[in-house]
Structures are given as C-alpha cells and as structure tokens.
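Each chain carries a letter (A, B, C, D and E) given by its place in the written order, and its residues are counted from 1.
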Amino acid sequence: MKPNRKIAVSQSSKSGLPPGALVHVGDRDPSPTQVRYFVYNQDFIKEEQLDTAAESFPGEDQFAWIKVSGLSDLEQIKQLGVLLSLHPLTLEDILNTNQRPKYEIFDEYLFMVLKIIRIESSPNAGTEDKNNLTISSAQLSIILTDKIVCSFEEGESDIFKGIIARLFDEKRRLRKLGSDYLMYALADCVVDNYFFVFDRIGEEIEGLEDRIIGGTDSDVMGEIYALKRNLLNMKKLVWPLRDAITGLIRIKPAFISERTEIFLNDVSDHLYQLNDILESYREMSTGLYEIYLSTLSNRMNEVMKILTIIATIFIPLTFIAGIYGMNFASMPELQWEYGYPASIIAMVVTAGIMVLYFRKKQWI
Amino acid sequence: MKPNRKIAVSQSSKSGLPPGALVHVGDRDPSPTQVRYFVYNQDFIKEEQLDTAAESFPGEDQFAWIKVSGLSDLEQIKQLGVLLSLHPLTLEDILNTNQRPKYEIFDEYLFMVLKIIRIESSPNAGTEDKNNLTISSAQLSIILTDKIVCSFEEGESDIFKGIIARLFDEKRRLRKLGSDYLMYALADCVVDNYFFVFDRIGEEIEGLEDRIIGGTDSDVMGEIYALKRNLLNMKKLVWPLRDAITGLIRIKPAFISERTEIFLNDVSDHLYQLNDILESYREMSTGLYEIYLSTLSNRMNEVMKILTIIATIFIPLTFIAGIYGMNFASMPELQWEYGYPASIIAMVVTAGIMVLYFRKKQWI
Amino acid sequence: MKPNRKIAVSQSSKSGLPPGALVHVGDRDPSPTQVRYFVYNQDFIKEEQLDTAAESFPGEDQFAWIKVSGLSDLEQIKQLGVLLSLHPLTLEDILNTNQRPKYEIFDEYLFMVLKIIRIESSPNAGTEDKNNLTISSAQLSIILTDKIVCSFEEGESDIFKGIIARLFDEKRRLRKLGSDYLMYALADCVVDNYFFVFDRIGEEIEGLEDRIIGGTDSDVMGEIYALKRNLLNMKKLVWPLRDAITGLIRIKPAFISERTEIFLNDVSDHLYQLNDILESYREMSTGLYEIYLSTLSNRMNEVMKILTIIATIFIPLTFIAGIYGMNFASMPELQWEYGYPASIIAMVVTAGIMVLYFRKKQWI
Amino acid sequence: MKPNRKIAVSQSSKSGLPPGALVHVGDRDPSPTQVRYFVYNQDFIKEEQLDTAAESFPGEDQFAWIKVSGLSDLEQIKQLGVLLSLHPLTLEDILNTNQRPKYEIFDEYLFMVLKIIRIESSPNAGTEDKNNLTISSAQLSIILTDKIVCSFEEGESDIFKGIIARLFDEKRRLRKLGSDYLMYALADCVVDNYFFVFDRIGEEIEGLEDRIIGGTDSDVMGEIYALKRNLLNMKKLVWPLRDAITGLIRIKPAFISERTEIFLNDVSDHLYQLNDILESYREMSTGLYEIYLSTLSNRMNEVMKILTIIATIFIPLTFIAGIYGMNFASMPELQWEYGYPASIIAMVVTAGIMVLYFRKKQWI
Amino acid sequence: MKPNRKIAVSQSSKSGLPPGALVHVGDRDPSPTQVRYFVYNQDFIKEEQLDTAAESFPGEDQFAWIKVSGLSDLEQIKQLGVLLSLHPLTLEDILNTNQRPKYEIFDEYLFMVLKIIRIESSPNAGTEDKNNLTISSAQLSIILTDKIVCSFEEGESDIFKGIIARLFDEKRRLRKLGSDYLMYALADCVVDNYFFVFDRIGEEIEGLEDRIIGGTDSDVMGEIYALKRNLLNMKKLVWPLRDAITGLIRIKPAFISERTEIFLNDVSDHLYQLNDILESYREMSTGLYEIYLSTLSNRMNEVMKILTIIATIFIPLTFIAGIYGMNFASMPELQWEYGYPASIIAMVVTAGIMVLYFRKKQWI
C-alpha cells in the first residue's frame, strides 16, 4: 500500500496573492471543465443548455442540478459564481482543492466541501502477495440554494452515475423531494464510497497480519508505515466531515428541510461508524508494529540460540583437540594405547553434558 | 483467543443503492425469520398469531412484544414495518447488521440498536493452556411504541429465554409495568450478558499473564494481538451503547416513563462499569506486551551471557593450546620436563581468573 | 506488590435474574451481618436496639446512624430497606459489591457508594527488599435521609472507630451538626485513608526505583506490571468517586446543607489531589519500565562488548598460532632461530593494536 | 533540520520588575526601529510623517496603518502607546517577544499577537542530502482601533511587501474596506506564510523517509529529534493562534465588521488545516522513529545471521581438523591411505548439512 | 537533576483526626513563624505591630499586608484566623502544606493557594557536566479581604523583597491600587519565578541533548528519569494554578476590581505559556529517551559489526590453517615445494573476498 506521497499543503503556491483571487490551487493539473445541467421536478426531467435558460433557471416548481467536473475553465466557473451569487471566498475555496471538509452558511446558499476518495491497486507492484493501494482524494464542492444544487468535482469520475440514473427514474424519491435531498444523495454517495475504501484497507491489514504472524516476510515495516500514513490521510478527510455534517444538523439551516434532516442523520451515523473503524485500524496498525518488533526480537533470539548452542558445544571440544595437538615432548596421554579413543569419549561426554544442559534450559 | 477476523465494514456491498433500499447487509447469511407475538397485561398473557389480531393489535389495555429472530424474510419484515409505520431508514438499519449501537427518536416510535455478544471457545484449539475465544456479535434492533415492543435479532439465540419465563409469571414487575419496562428488560439482559463475556476475557488475560511471567511459552505475541483486537471490537460495541443509553436518559423521550428511567440509569451504570473494565483490560494488554518484550530481552540476555562466558573462557585456553601446537624448531618450553603440566596449570589459572571476573560481574 | 488478581467483573453470576433481585454478588463470601444503632443529638447519644424504636426512629430532634457491617443476612437488610423505604435497585446495589463509586438521588434519600481500600503486606513474601502489597477494596454504601445515615460496609473494619469516638464526645461538631455532616465525616474518613494507601505505594515506587537504577535486581518487570495493575485498580476507585463528589456538590441536593457543602468541597479537593498523585504514579511506572528496558539494553551491550573484545583479540592470535601449527614440509620460519619469539612478538603487537583500537573507541 | 536551540522561556530576565515595565525582552537583540505611516481611503493613499499629523491622525474618512519594525527605540514606541492610548500591559506585551499568540480586547482597541515564521536552510550544512532547516519566529503585534492599524514587527522582514503593493493599487478591496480588513490581510499573509514553511517541512519528512527506508543513512536519529522539536515549536505557534482567531470570531468584537468576519473565518479554516497537517507530521515523525528502530533491529539481525552462518559452518569443520591435528601415537585414521580425502569429504558433508539446514530456516 | 524524592502525599499523618484540626502537615519541619504588618495607602506606609492596631486594623482608607513566613507558631496563626474570621478548613489548608494550587471564595474573603518553586544546584554533584538540580516547592497561602492581604509562606524566602521595595516607593502603582492589586503582585511574582526555574530546566535539557547526541556519556537514563519526574512535579503545580487563576477571572469575585482583572489576565497568559513550555519539555524528554534508546541500539550494532567482521574473516582462515595442521600420513600438499606460500595466498584471497563482501554491504 503506497500512500499518496505528495503531502497536501501547497497552499503556499498562492501565498502572495490577495484573498479571493481566482487561481486553481491543487496537487494535480486541473481536468478540463465539463458542465451538465439537469432540470427536474416530480413530473419531468431534462438535461439542457444553460445559456438558453440562464435568466429563469430553473423554472417555477422546478429543481436544478448543475454538475461541474474539472476545474480548468476559470471563466465558466466564474460565470456560475455570478449566476449563484457566490462570495469570492467560496469561489476561491472551490478552486483550491486542498480544503478540509467543511460547510459554510451564507445568506443565499449553503456551501459544502467533501472529498471523494479513490483507491487504486498499482499494477506495477507485481507480486501477488503485496497489494499496493494508492489512495488519492478529489475535492467535491456543493452549493445548495433553494432550488439549485451545484456540484464541482475536482476531476472526472463516474461516482454519481447511479444518482443520475435514479434521477431519470420517476418513481424515485429523488425526483419527488427537493434540492436538499439531492445534496444529501450526493453526500451519501460519497460517504458510502468510503466504506468501499475501508473494506480494501481492511483486507490490506489482514494481509499484513497474515504475513507478519506467518513470518513469511521480513520487510513489512515500510508497508506498516505506508498503512499508517494512508490512515492518517483518511482521518484528515473523515474527522472534519463528521464534524461538518453533525454541525450542519445541529444548526438546522434554512436550506435543509426537516425531512431531509433525518436522512442527513443517517450520513452522520455512517461517518461515526467510519470513525470507529478508522480508530480501530489505527490501533491495529500500532499492534502490527508491535507484533513486527517482537517478531524481529524473536527471530534474533532464535539466531542467537543456534549460534550459542553450536559454538558452546564445539568450543570446548576444539579446546580438547587443541590440547592434544600440542607438541610437548612429554605428554604421557599421547602414548597411551587408548589415548585417542579416550579423548574422543571425553569429547562426546562433554558434548552430551552441554546438550543435556540446553535441554534443561528448554533451548532444544 | 481468536478475534472475529472479518472486519465489520461491508456497508459497501450496497454502495450503489438508494438510501432506504431493503436489502440485508451483514457478515453472515441471514437466518430464517421466526416471529412470535406476545400480548399481555397485568392479568393475562398469551402468545398469538398476528394475522388474527393485526387491526386491533394489541387490544385496549394490553401490551405486545413482537419477537423477530432471523432477518431473511424481507416480506414479513416489511409488513411489520407497515404495521408499526416505520421510517424507511429504520427498516434499512434493522436489516443492515453493521450498525453501531444507537438510538433514534421518531414521532411514532423509539428505535434502538444494540449488539448481543456471543463468545465461543474454539474446540479445535486443543491444548489445555490456550483457550481460544471467538467473539462475535449479533445485532438486536428494538422498536418501542406506546404499547408495542418489537425486537429484531440478527440470528437465533436463547438469550431472552429468562425474560419470556418472567413474562409468563404473573407476579413479576414485567407484567405490571408497560412496554418501556420490557424494552429496559431486554437491554438489561443484553448488557448483563456483556459481564459474562468480560469475565471470560478477564480469565484469558490472567492465563496470558501466567504464561508470560512464568515464561513457559515463548510465542504469545499473536495472542496478545488477538486480545487487543477483541478488546477493540468490544469497545466499538460498549462505548456507543453507553453514549446512546446516557443520551436516551438525558433526552427523556415520551415513550419512557420516569419509573423506567430509574432502571435505565442502572443499565447506564453497568455500561460505565464495563467501560472502566474495558479500559483496564486495554491497559493491561499493553502491559502484557511490555512484559513480553522485556521477557524476550531478558532471554536474549541470558543466551548471550552463556555464550559469552563459555566463549571467553575457552578462547584464551584454545589460544594457549594453539601456541604449543606450533611447529617451530626451537621452542624451549616443549622440551621442559614439566612443560605439559605447566601449560595445563596456566590454562586452569586463566580459566579461574575469568570465572572470578564473571562472578564479580554477577554473571554466574 | 501483588495486585488483587480477581478482576472485578462478576456481575455475571446473577445474569439471568430480574433486576432488583436480592442476591449478594461479590468476590468474597459475605461477612456475618452486624447492625449497630446510634441515636444522638447535641445533648445526648445512645446506642440502642432498633426493634424497640422502629416506629418513631429516631425521635424528634434526634439524628440516627445505622451502621451495618457484613452483608450476609439478607432478611435484616431487607427490613432496613423497608424502614428507609429504599428503591429495589438501591438494595440490589448495596448487596452487589462490584459497584463503581457513584451517587444517586431519590425523592426520600441520597444513595452513595464508596470503596474502602485495604492494603496488606503479604508476610509470605519473605525477602526484606520486596514489599508485596496486596490491595483490596470493600464497598461502603451510605443512605442519607433527613435524619438518618445508614452505612453498609461490605466486611468488618475498624475504619470508623475514630468517628464513633468523636460522636461520643459532646464537644465535637459531629454532634452539633446533622446527618449530612455525619455522611461527610464518613466519606472524609474513607478518602483520608486513601492517602495512607498512596503513601505506601509511593514507598513501593521508590523502592523499585532504587533497585532498578542501582541494578541490584534483574527481574523487576513482574513487579512493575503489578504496580501498574494496582494503580489501574486505584484509578477505577478514585476517578468515579471524584466525579461523584463533584457532581453531588454541583447538584446541591436537598439532603445536604450549605454548611456541609463547604466540607464536601474539601473532600473533593482531596480527591483531585489524589488524582494528580495517581497520574504521577502512572507516569512514573511508565518511566520505570523505560528505565528497566534501557537497563536491559545496557547490560546486553556490556556483555557483548566483553565478548567482542576477548574474541577479537584472541581470534587473530589463534590464527597466527594455527599457521605455525601447519605441517608443510617447507616452512622457512619454523627453522629460524628466533622464529618462536618472533611469532610471540607478532601476536603481542597484534593484540596491542587491537587494545589501542578499542581504547580509541572508548570500549575499555 | 536544526531546531532553534534557544528554548523560548526567558521571561525570567525581567522577573524582579513590576508589571508593565517597558523593557525589551527576547532571544535576540532588538533591531533598530523603523516606523512608516500610511494614510488612505478609497480615493487616495500617501505615506507621511507622523509629527505633522499627530493630532488629527488619520483625517476624517481616512484609515491609517502604522507599520513599526524593530523594537529597539523604546521612546518612539512609548509615544505610539500614548497616541493609541495603550494599556501598560499591552506595551509590555509588544516589547516582550516571547508572548504566545493571543488576542485581547480593550475598550479602545483590539490587541493581537501573532508569530511570523522564518525558515532558513543552513548553507554550512554542505551535503546535498541533508537539508538543514533552521526555523525561527518573530513576533508581530497588531493594534486595531476604529480607524488605525498599528503593526509591530520584532525584526525587519519583507513579508508585507505584497500588502503595501496592493494598498497602492486603488482597484483593490484593501483600499475600499476599513482597518479591520487590513488587520485581516496582515493575519492572512502571516498564516499563508505558514503553508510555505509546512511545505518545506513536508519535503524534509519525505527526504528523511527516503533515507530511512532506503537505508542509505544510518544516523538519522538526531534529525528525527530535530524534526520533532521543530514541530513542537510550530505547535506552540499554531495551536494558540487557532484558538485566538476562533475566539475572536465567536466574541464578535466591535472593531470587526461582519463583512471582515467572513474573511477571518477563512483564516480560521487555514489554521485548522495547518493543525491537521501539523498533527499528521507529528504522527509521521513518530512513525519515522518506529521505522528507524526496526531498521536498526533488522540490520542487527542481518549482521547476526551472517556471523552465525559463518561461525556455525566453520566451527565444526575446524573441530574435525583439530581432531586430526592431535598427536596421539595411535590414531589409525591418520595412517589410512585415503584418510585425508575422507576427512575433507566429512567436512564438506558437514558443511553441506549446515547449509541445507540454514536454507530450510530461510536464512540464506 | 535530582527530583525531590519525597513524594508529596503525607496527608495520611493526620488521617484519624477530625476535619479542621489545626496541626501542621508537611514534608518538612515548620520554620519559625515571623509576622510583619504593613499598613499603607497612597500617601503613607508603615510597618507596625499588630497588637497596637488590632481593633481598627487597618485604619479607614488604609490597606494592610500581613506577611507571615514559617508556620510553626500555631497560636499566632490561630489568632490571625480569628482576626480575619477564617473558616476552620481554611486554617487547616494553610497549615497543611500539601495542598494543590486552588482558590476558594468565602463570604468574607478569598483564599488562594500557590506554590513557590525553589531550585538548587547540588554542590556535591561535582563534575562540571552534570548539573544536578534539586527542585522543591513551598506553599504560599493568600487571604484577600476588602482591605487586607494576608500571605502565609511555608518557609522563609526573599522572593517578595522586590515587592516590599516597590511598596515603599510612593510613585508605584502598588501604593495607589488596593489590596487586590497587591494580591496580584504576589501571584505575578511567584509565577515570574517559574520562568526562571523553567530556564534552568531548559538548560538542563540542552545539556542532556548534547551529551546524548554527542554520545560522550553512556548512562543518562537515570537523569532522563529524574528530568521526567521533575517535570511531573512542575505539572502538578502549574496546571491547577492555571485552572485556578482562569476560574478566578471567570467568576469575577467581589474582592477583585475590574482594573486588577486585566492584570490577572496577564498572569493567566503566563501560566498558559508555562504550560506550553512544560508540555514541550515533556515531549522533549520522551524524545531524549527515544534518542537514547536508539543510541544504545546503534552502539550495539557497531560492536556486533566489528565482532562479526573480525570473526568471519579469521574463522575460515583458521580453518585452512587447521586443515594443514592435521597429521595424516599422506597429505600431498604438505610436501609441495610451494605448499606453504600457496596456503598463505589462499588465506589472503579468502580474506579479500570477505572484505569485498563487507564493503559491498557497506559495513566497512
């Protein structure tokens, strides 16, 4: 599992500029901007062009979803900002994709920042044992007004494919309830996706466990560290989002109906659950480190034991052989008829005592 | 002690679906659904069929307990949802058995999620020393309305056998007090069962202690890790439940009478106590790890000491023997009459000095 | 220092029973019940029999202290419950001696649970260095009504001897002030006793420090663990009691006069101080573990150094001796007149270089 | 990365003095004082001399920025204190550059303390691998009244160059909005600069990671410690500033308009983000330590393995050679024709068995 | 740095006594009591005898400071208690010098407990490297009424010399403002002194750093532990004092004017700063431990490497020599003319391969 090595600070690249300056800030080059306009109510839905509808957009009794993906076309985004009368700082936050998850309430709209997490197995990792997960995140900014939801995705993704499909199905609640329910559906979709990512990380942890406890692999420290780093990055996404959603529910802003609030509570529940899992994972990764350390110690112990056993058995024997290798003129034993076998017996006895001693120590 | 290896995330298997979709989500296949209906008041109790009583269920001055176990029959559960006018999200939560313990208050009912913990000693573990505990949890969802308690158990269990027995005994408080007291009785029964589980874990910890301090076993790290993981899982059940019960008491919902509140306080007390114990266990497991690490170090020290003693005693002796094994033409000592015994004496003296030195160092 | 090995869970032994069932639950067999009745006011005090006074007990303008020790006589305790009109759960809590410290306010009375800590030096420990402290706790339940204090001690103890003596001394504040002051006096007495226990643990820690730093003892890990466990147990007693007393002061129940409140503040201060000490002790025990670990490492280092020095000095020498022990037909050095002394000199020079090298490395 | 070794306590150098005594306190000698006066409104801006304008400074409908850098000229600063009617303690805090970030609200003005962080690569570090960052901080005190912003920088820096430039550009918001917006702009500029510093530290961490995991460098512990210390110092700056800004927004002081508040919220967001990053960095540095420790253990293991393999292979062989080097008169093997090759074969077989054993143990 | 080994529990020595009993409790014998009375207002100041002024003390429009040092004369302190109408518990707290810092508000007075920290370099420590700091604390109790400040110092110290001097200087604010400002001045003086102590500890830490990183000293673990213990003791003083001062400011007691409150805020700021420093120190001491541990490991690694290199180079050589030391009748090599030089060359080549291998492994 490889963490996304680029640490997300990078605010600095715009450090000299005045606040509210519209410059894209992020770790990646911005994707080309693509805008889709959906207008719908309980009875109809169509995808249309904004320029034909800008003034009276959306029509009476209609809701709209402006789905922007890719943030490279600053001009188009600026126009949307005018249409929705966004505060300059909001526009800046949309373009700076290093925001933490948060919500902000303005007089005319509610602004929300979430993170879409993408997980990729690096194909170049090769070995079947080591799954190398690369976790990256893309910013999703949502503007909610009375009748319009405007979502800005950092890059292109098909995470909302299911929602578009449900939107075109007239039997769905999504069509019957207002913009706030659509905003909830987007957030719920993003958070549900986290569970998928956590599942993958969970499998990763289990793989690591097996390899550490099984002892088949001696160099997992780098992977434990990468795991910890991935969990750290996840925490930076999940914790503030949980706080944001909980705060949003408590504040009960005008843009969100009570009916939708119950559904938001559900998202909040999921985030609490994700938090619990995240904390478990973090403690488990600490546990893996401890297991790994003790595995190292154990292995060292075993190595040392074998060295000690062999060395301590043979060192005295070699010493005995050394004695009878001395060239003194008068060494009576050397002339004994059974001197040689006697010395061999002495060696065997010595070795036997050693072995018994080690067996008593439970080393063998 | 083996933790339940399946990490409870799995929300993802329904990730694309709209909220409120009725699909069973869980780690296990759902058990077959079994529904029992109890209608009772102070004077009578009977177990009856719902279809005969659905409209006027339960009758005036009567309380009812609908006990559902097994979540496979979606149709039947949906019908119950209609009978009790449950919110779609509530039904979804009942079927998704990966909820955290929580409570939710709706206008018509109170919804509560608890976890029943089951503990099993794996019989295949074999050795009498190592008790392998498998801890698993099953979800219990409770719906409380004015007159009805409806409990949904994930699987089948006989944990509520005692409560049914008390219900059939007319002298019991359970018959005299209303539905809220029955709900309390169910929760109390679940929490009391936690104490039993904690007792088992406590014995496990003591067994580990004995084996680590006694030093009879060298490979307990996997078990310490499993213990930690089990405690982590317990924490994910106990902490939110404590918060839920405490929150429930503070909020004083309409469905719960003041009389029952005092009893709920008692459950809350128990959960605080369980929390204390859990935290102790977690600190103890850390302590066990530390002890184990230092045991490893100590053992290594002992091995090293023996190696060092034997090697350092014999190496100089072997060196002396080596010298007199040299084949120089003129080595006067070799011709001395008492050269051989003198060399032996030199060796003994050298060894003696070594031994004294080690004794001074308190190694022997 | 040996911790009380029985981990205090044991709620489970009554797991199937309905709440409020009167069964003694605890780690020990209950002691025989002994009840003493003290009736007093500013002018008189006498110890009397309850049966003669039950109806009008205590008389007008009188206060009473019912001192129960030992919880085996369920019947007598049930009668007291009737006399004081105790809630069934209160009676249950009194008999179940695994409660955490807490307070509960009922309409007719205030219920408080404290723990008396007993510390014993095990006489069988033997060696003068190792003090083996056994820490155990006994439950003290206090019922406070307008005019009556009723205290239930789990076992027999003479901790309240001083309070009885003060009660019989008419000049004491204890006689002049009401029941609430008596309750305070009991709690203060229990908490003051904690300081004594902490003093003993402090001495224990200092003893451990001396032995670890002095290095005279190599196997203190078990004792550090026992110390940690004792501190954990203390924390389970001190923290909730602090919360309970602080909560009691904040809530200002009707049973406690403002005059007594100031004194309770004093108890609360003491508990905060005990908490500080406890936290220090816990950090110190961690520090002791760290010291111990580094002592182990240091000792290993020293052992390794000696082995390395001796081995690396003699191995090359033995090699030189080995060379001249070879039996080649033509080895010119062997025939040199001063070959032998030359080889000895070569060995001495080699050894000298080694020694100088080690001295430069500051190993010798 | 070298931490600023001077630990910022030094309050002590004025310990005997009365509060409010005007003495410069700091780690460095004060820089020479330089004061610049900017007067501006939407229509004009000029930089002027104070003495010509002191009484009516700034004019009606005008805002002023008094930019002080260097705190050595106590007299001039005292005069500014009189002009702005500063409390003696405020003046003292301006001169004592060891303040923590904070804000204080007085009747006539708002007082704020921030820290400007400077980061320098030590050129003397030399090696291309090791970037040695020296992190130092300089105090920035801001006084905000209705119409005046007065900023006191500890030393000289050009951090506000961009702000002066924007001030001279009449199209900028900075000119149109009041003093509170200027104060915000200063704070925003300081906080934006933190991102730059964090970027550098992030690179440092990545460099350390590479060197530790790559194992090319064996002595990174000092650098990990320096990193931790730098992060500690950053935390002492960022945490209180976050609390101060958040507190300021909550309190809504009269000096700050609602319009500016939204912008301050943005600064607060950035500080929360910096906090997240800081905490990640701190956990990463702990992770680096763990990786480093396990790298040490691994390396030791490898060393031990090689020693053990070579020693255990050759020790028995040397023993066999030793046996046939003995000088017993009757050693039949010695006379055998193929004794020598047989002994060699015995040795090879022994070595082969050893090698197979080690291969089975997966050591080779 | 040596911690004050006596752990401050010792409440126990009065455990049997009733609350409010006037007995001195502390770690040291009480110093002889010395009382000085200062009466002052804006226009005059004199030091006088109490007995001449007790009834009308201090006079109209006058403030008084009763400075008590040494707590041995219980009678005199009791009289002061009567004069100031102190609650019995207050008197008890003054005499029991093991209080935590706190404040208590009574109807007639405000009671505050602080700790004066004294730091001493043990002269007997000797070596110039190791500064042995002994940190001890003395209790300062302050009673504040409308017109009187009464300070009780545990022992004698000249910490308030500067305040007395300022009091005698009529131009000082101290003379113009009331008793509450004097109380503030005393507290400020005590807290300022903490900075001095922290400076010394900071130097101590830097010394330790240098010695650990420099590696000139191998036995710093005891000192790290002593440092940690000193920091623990400081924390027990600083944290509660911070809470007390902050609480005092929030509660706004009648005895403290708004003017003085601003100054108390300053003390509170200092305490927050001290807390930050303390926490840094505590983390640094952990960092020092980690560095020390890895230094130990590194040293072990180096020792092992040298042993391994020398042993693995010479063991095969010695084996070759051993082969040619065998006494087989037919060993053709022995008869070869260049057998000896060939064997030497074989040895050199073997050694060379070893050295190359180690160089590849970057061990040499």
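Definition applied: a residue touches a chain if its C-beta (ideal position, glycine included) is under 8 Å from a C-beta of that chain, and two chains touch if they have at least 3 such contacts.
Since we're looking at a predicted model, the values are computed, not measured.
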Other chains in touch with both chain A and chain D: none
Chain B and chain D, separation of their C-alpha mean positions in angstrom: 42
I'd like to verify one number: the distance from the centre of chain A to the centre of chain B, where each centre is the average of its C-alpha atoms, in whole angstrom. 26
Set of chain C residues in contact with two or more other chains: 293, 297, 300, 304, 307, 311, 315, 318, 322, 325-327, 331
Is the way these chains touch best called a line, a ring, a star, complete, or other? ring
Let me make sure I follow the ring: beginning at chain D and going to chain E first, which chains come in turn? D, E, C, B, A
In the complex, chain E residues that touch chain C: 5, 7-12, 14-20, 87, 89, 98-100, 102, 104, 218-219, 221-222, 225, 228-229, 232-233, 236, 240, 289, 292-293, 296-297, 299-300, 303-304, 306-307, 310-311, 314-315, 317-318, 321-322, 324-327, 331, 333-337, 339-340, 343-344
Interfacial residue positions of chain E with respect to chain D in the complex: 162, 166, 172-174, 185, 188, 192-193, 195-196, 198-199, 202, 205-206, 209, 213, 262-263, 265-266, 269-270, 272-273, 276-277, 280, 283-284, 287-288, 290-291, 293-295, 297-298, 300-301, 304-305, 307-308, 311-312, 315-316, 318-319, 322-323, 325-331, 363
